[in-house]
Amino acid sequence: MDGHEVDIRMEALLKVFKEETREIVALKEFSLDVGDGEFVCLLGPSGCGKTTVLRIVAGLETKSGGRVTVSGVEVEGAGSNRGVVFQEFALFPWRTVRKNIEFGLEVKKIPPHEREAVSSTFIDLVNLEGFENAHPHQLSGGMKQRVGIARALANDPAVLLMDEPFGALDAQTRNLMQKELLRIWSATRKTILFVTHSVDEAVFLADRIVVMTARPGKVKRIIPVALPRPRERTSSEFISIRGEVLEELDAEFAKTMMREMTDASVQHKA
Amino acid sequence: MLSLVKLVKGAIALNWRQLLLGALSLAIFVSAWQMYSWYLNANVSGYAAYVPYPGEVAEAFVDSFVTPAGTDGLVMSDHIIASLKRIFMGFVIALSIAVPAGLLMGSYITAEGLGMPIVEIFRPIPPLAWIPLFLVVLGYLKGPAAIVFLGIFFPILFNVILGVKRVDPILIDAAKTLGSKKRHLFLKVVLPYTTPYLMTGIKVGLGIGWMCIVAAEMVGKYGGGVGFYIWDRSDIGQWDYVFAGIAMIAILGILTTGVASQVERRLYAWMGMK
Amino acid sequence: MPKKNFATALILATVLLVAGVATYVVLEQRGGDDENAVYYVVEAPSNMKGVLAANHIDGYIAWEPFVSDAVVDGVGKVIEWSGEIVPDHPCCVVAVYNSFASDSEGQDMSARFLKAHMTATDWINQAMDDSDSADYALLVDIAVEFTERNESVVEEALEHMKFHYAMDASFTTALENFTDMYMELGLIAEGKLADGGYSNVSDFIDKYIDGSYMAAAASIEPSETILNPDSPIRLGFLKGDIHQLAQAVGKSDAVLENGKSIFEEYGLNVENAIGAPFSNGGAVMDAFAGGYVDIGYLGSPPAILKHLNAEVRTSIVAQVNSEGSAIVVHADSGITSLSQLAGKTIAHPGTSSIQFLLLKAALQWEGLELKLKT
């Protein structure tokens, strides 16, 4: 933990989704600490509960058991100290770029001229000068996510929760956005909990990579990435860490596959 | 005013192909009508005069604007204004009830559970059926407005409910993580999201409102109105003028919904939705 | 920002409210300020009593039994009977569709129908001569069934109309006057006379009234058998219109001692036309045009209007009644005369009704104008 203060603490999280006919245990005994200013990537096969973890921390989902604290305060519902960046961008289509970024400031009843100053700062930070008055549907995917990041940051949250934020982007834009994110991170030093299912992305971004088990999700292994930034994807260290992470994951992917097949056969029989 | 002109222009500014096809379709209709009239007259049908030639209707249409009626001294423009007033009144009442009701029913399951049965009971009843009741209970002013109201109310209500229910949950989540709660969430996310749906409801409602105007003005045969005009002229057997009145309603309906759908289209575009 | 949004919503709501109230006020304006005008609304007679009771109008003009309906109920009172406005004014007539009477068989049927109509009318009049007679009681029974009213309404209504069939010179003059009034109002275009092959109004009425069937009826004898078993005469008439009681008497099998109806007595199979009973005379004319009615009872004004305007070619072959309409006001109102109607709102059944013509004429003679309520 590099002597960092703990910023997000998840202790023995349990999450059970109750459906009509069955219960799904999405998380069980999930524990993780994220340090102040740290960049942590959550990695795992799809359906292992990454989004669920993030949503519980964000306060958008209730937990069935365990404890979550952010900056030492127990999480209860959503709040502006935890900024969230969504894979689907989730921009308000009827608001301009600027108005989207100012949304959280409006909630806080910050006067218009101050809001404008703040939004201008973040428009600059994410390189969206000239698009202040554009509506989301006029922007490319990468630009939309820049707005999403700026909107979350404008609220000055303690932590940034990002759920596959670049998942909907093409490979090139994705790589660019990863670099941009690192630049923004180093400028703001926010604590970031970043969900991805891309090993490459995780190794490129994270201080630590948290590999989750297949459902019910818990921490399988934490792999620190001690490479200096900017990281070279072609460097041997990068490749060797990637190999290490992949190995951890492969086992879980196999489990997932197995279960999906048995699930299907059970359903088939039923 | 300028923007209104723009809107109307937009409503008719379709591409050439569409315009040509529209003209063709109209030409086919008018020719078929002309031939039917010919046929009736040639066969000395008893009701040949009930299907006047298109030309006679066109003449009557023009005359209806020029020559005041001997009974009430009104010309067509007076009737248009009278009908517009009724439509507007029904519309204002429908809007002011349907919007809050729709927002409530869309937001709360209890409100929906309470409201839906009533809505479902009243929705299928044709406005015509209410005439005797509305006439006696509501009288000549409110009665006709109530008939128009019924036509406009349901499309607005259902579209508002739909809008509220369709609000993208991810937008609600996003707003929540930005600190938005209850009233703010409602005003800043639910309400804007519902606005284009409301506009769709208004567009559909106004169309149905015009369909109800004849029925409405059978309740209150006073003060004029295009529906009143149609009834009055059919009472004395001037069928060319009756069809002129029917054409007038069609035109007014097309204009109203045309403008409304332009507003709707622009609203959707401006809000970046759909 | 929520404040601003809330304010916008508030402003919008206020604008809508003000606009709504403004329209309401504009539309609500009762009548007008013209002291020499009486304001009218058009209303189906079946609604008139209810609308009067609900106080939406100050009075109405209608035919019986819609007058006695309100009087007997204590809702309304009569300030002027139509017979006081124009004594002996014609009202309903029997009309034959010209293409029905285009061959000798149709003409024979029409003459027989007239014979039955005359017999029924004569019977009504002798029954009414003695209100203690069994025939009178039977007449009331028939009328109660036909009008779906109670005895007091029926008896009240019967007092204020005259049943007869003859078409004399005054009848002709009256129909000419009706036509003239419509032409003056521009409701019948000049050209419509020529379209029908008439040189002027008196020529039109002269040809429109066809006395030949009544003349032929004089020599019609009862028939042992039904002459048209397979092609009944399709009869049009108005719903519960007590003026048209003759056709109800003609159908009744209680009037004659031999158990036949008067129509059957003269060899006729008569049935209600599709759509009968109709709600007004205009609808009977429309049904003629559509080919659903052979012979109809209806008011003379709608017959004239649609004969000329909509080219529904019919002939008027007999009278049915005269008088039998009235102007009704609230029972407790202080209004007792026509002149007091100034500034009030009166309902009439429509431009094509005799009641409209009567009301218009009566007010004109009082120096009052009939204006549409706005």
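A, B and C are the chain letters, set down in written order, and residue numbers restart from 1 in every chain.
Here is the rule we use: a residue touches a chain if its C-beta (ideal position, glycine included) is under 8 Å from a C-beta of that chain, and two chains touch if they have at least 3 such contacts.
For clarity, every value in this text was computed on a predicted model and none was experimentally measured.
Among the remaining chains, A is positioned farthest from subunit B, on the basis of C-alpha centroids.
Of all chains displayed, B has the C-alpha centre closest to the centre of the whole protein C-alpha set.
One finds 49 Å separating the Cα centroids of subunit A and subunit B. Chain centres here are Cα means. That of subunit A falls 82 Å from that of subunit C. One finds 35 Å separating the Cα centroids of subunit B and subunit C.
Counting partner chains per residue, subunit B shows two or more touched chains at residues 184, 188.
Looking at subunit A, residues 106 sit in touch with two or more other chains. Residues of subunit C in contact with two or more other chains: 1-2.
Per the touch definition, subunit C reaches subunit B in the complex via residues 1-2, 5-6, 9, 13, 16-17, 19-20, 23-24, 26-28, 40-43, 47, 50-51, 53-54, 56, 97, 99, 182, 184-187, 280, 282, 285-286, 288-291, 302, 305-306, 308-313, 350-352, 371-374.
Residues 46-50, 67, 69-74, 85-86, 88-89, 92-93, 95-96, 132, 135-137, 139-141, 145, 183-184, 187-188, 191, 220-224, 228, 231-232, 234-239 of subunit B are the ones touching subunit C in the complex. Interface residues of subunit A, counted against subunit B in their complex, comprise 58-60, 77-80, 82-84, 86, 88, 90-94, 103-104, 106-108, 135-138, 151-152, 155.
Residues of subunit B that touch subunit A in their complex: 168, 170-171, 173-180, 184, 188-189, 192-193, 195, 270-273.
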